[in-house]
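Chain IDs A, B, C, D, E and F follow the sequence of writing; residue 1 opens each chain.
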């Protein structure tokens, strides 16, 4: 069974030594969603000028968060990301509108990019909340999880 | 009905002008959770050396994210937070363990701290994921939402 | 005649002491432009999907740069901006298209926001360059200058 | 003809995938200038203590901006720069003094450093403005442009 | 006797609530030193071109660190500094040269600036090390301590 | 004799060109200490809830400072650290308690990690000061120095 890898001999946190790991292409895909009411859905998704912008700003927030993940997450290694892409998809469930957010991150490096994908998804969703909260503070974010990863010694992961 | 406040006359994003708002004490409380399996629960919560650390590191991540919120969220105003506190609580639901995270943020300023509380909650949860992902990449974060806010012209909010 | 204010008695740089200055509302407006060819103009300004995005991303870059100005400019005081707005305007001059960028910044604080407006204008223009450079690396930015400022002891400024 | 490379299939911004690009040495040289009056010229360039400092501070600002470019420019890839050098040169044109700023950036990486050179040039010039603005707020920056680049698949560029 | 103020009821770190503290002028002065050999002393202090620069760069590093202290120190409140000044003084002790660094920080705010002064002093000294380490990696920094503080409820402090 | 490497032909600071250096594994170990009174020693080291936290928070601060070193130290190259570990050790000397802090940093890169180790040690110590300063502002930090380094053309270093 795998064990915690972030603790040193004194039982305290460290940044795990990955010096001997191999440089390979690594990808991760994370998902979250933002659940909004119909007023917000109309305003965000309709073909008026405002349309593109909520999601455009959220997307920029997501890309920048991916690049800054080692600043958000204390024991996360700094990585030079080689690609970040964020896709949006609306779904109506009962009376609510679910804005699905899916983030794909790639790197050619010594360790995986799961945290980068999850952090970018969170920042994207939080930015949607920020830009819509004047209408409804009851917006709910998530759940947030890893969909898949490839590359690295621990092998591929695919959410069931 | 409230309207979007982040768009200028050209339909593009701006940082809303809050110059004329009043300096008052403002608080916000946000909640999220991390759902883990029993192996992780044992390791994080047991009275061994590692215990304090996962949550201690996560808490530092949450406090620092609260301070950095205007970096993560593009149209969010910079604010000088006057207090941040993060509480953890475990709950067993069926076969899973839910780590409840509740973040309280305070400021004396021109605008509210909802985004700071939500961002801190997200960073805290993401850090728990990061430190446990060697054991299980299937950990789920959230849902994430605002529990309450006080202060400011828009009045108090309390989640139903 | 005004003298340099950033040097201490040893002739080295310091962050000027503004402790005794008065908290007042201060604004600054800065301008720059990006000069592009007709191919880029068509792509950025036309009513296709890409339209909003170059300028939307540039605008987010500008707002975030305004908030981060004290990070880019070493002796610049940190300030809590209370508003940032960026406007775009196209002008055809001979065979070139000039994208005018005008940034308005407001604060209620101890010192002015000229640097915030100028830095935001620069970051906005640089982002346009970044997103169009695959088409033409010969794009020219600027000139960049202060259009006006209000508030503070040094009085108002208006460019002739 | 080259096309925009920063948009995904949904027409929104992404960080372009450079995973398959080749690690090579890449350089870029960017130029800008700051146009000041004779009072400022005398103070900045004369052999008194203050001399070195305006330009020394500006140079530090430029080097740090080069390192932080992926924070200024949303879709810009993070890169580990291997060298940054900034040169100054004064020229008198009519009644004004033009402080020419030329920034050379190098990396051994997957993508070019044009944005790093341009961003560093801008930050250097903005810092000169900041340190002289107590004397004259009418200082003009730029134009700012790429002088040359080498390395990478798109080949060398040299401004005509 | 004063007690730890950074822990919440769960015994974990929090950012202390200072909402009810009073806005007053606060100052802090911190000191450190860098102990170098005669070769480095000659090069840094002599009247050649290089002279100003080691200390000029170090001073910029110190000022920026003061502004960024709440990023270095996890539980430190963000503050808008109103002034930072750094002084250098050489002293020969036996065969070594001691570069004394003294940093004065001011703010008008809710809490003190001791950490800002100490952090700036450390960054200034570390930068001197960085710029001289090609000559001697055995350079020693410190001791580092608070010389004095004024303002705030806990009263003034003066090192004996 | 080695010469300053951070100055360009104009005698001003630059980020040294390391493009042609070799990618190798590099390590550095730095040390500092925090000297506290017995009250603080008891509170930090005793087996109550607060125990782990002062050092846990300090350790997170140290790891994050190591990752951010190129932000604190102007001419320092950005590096992707592959490991950071921080160890604590108490020693009683006369009436004082010395908390020894030792930081080990690793990378596989073009230049060494001395500055990362020294900066992390400083941030760790400063954080201990911050969390104990309500009890005693007279705490002293340091001295701070490099214990050893390996890797790179300049060879290994071991403090005598």
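Assume a residue touches a chain if its C-beta (ideal position, glycine included) is under 8 Å from a C-beta of that chain, and two chains touch if they have at least 3 such contacts.
Bear in mind that the values here come from a model prediction, so they are computed numbers and not experimental data.
Traced through touching neighbours, the fewest hops from subunit A to subunit E number 2. Counting only chains that touch, the fewest steps needed to get from subunit B to subunit D is 2. By the residue-number overlap criterion, the interface of subunit B with subunit F counts as same, with over half of its numbers used by both chains. Of all chains, the one whose Cα centroid sits at the greatest distance from that of subunit D is B. Put simply, the C-alpha centre of subunit E and that of subunit F have 15 angstrom between them.
Chain centres here are Cα averages; for subunit A and subunit D they lie 31 Å apart.
Within subunit E, contacts with two or more other chains are made by residues 10, 12-13, 52-53, 56-57, 60-61, 64, 68, 71, 74-75, 80.
Across the whole structure, chains are in contact as follows: A-B, A-C, A-D, A-F, B-C, B-E, B-F, C-D, C-E, D-E, D-F, E-F.
Residue ranges of subunit C in contact with subunit A, taken from their complex: 52-53, 56-57, 60-61, 64.
Considering their complex, residues 25, 52, 55-56, 59-60, 63-64, 66-68, 80-88, 106-108 of subunit E touch subunit C.
Against subunit C, the residues of subunit D that register as touching in their complex are 1-7, 10-13, 32, 39, 43, 48-50, 53-54, 56-57, 60-61, 64-65, 68, 71-76, 114-115, 118-119, 122-123, 125-127, 129-135, 137-146, 149, 154, 157, 159-160. For subunit B in complex with subunit C, the touching residues are 8-10, 12-19, 21, 70-71, 74-75, 77-80, 109-110.
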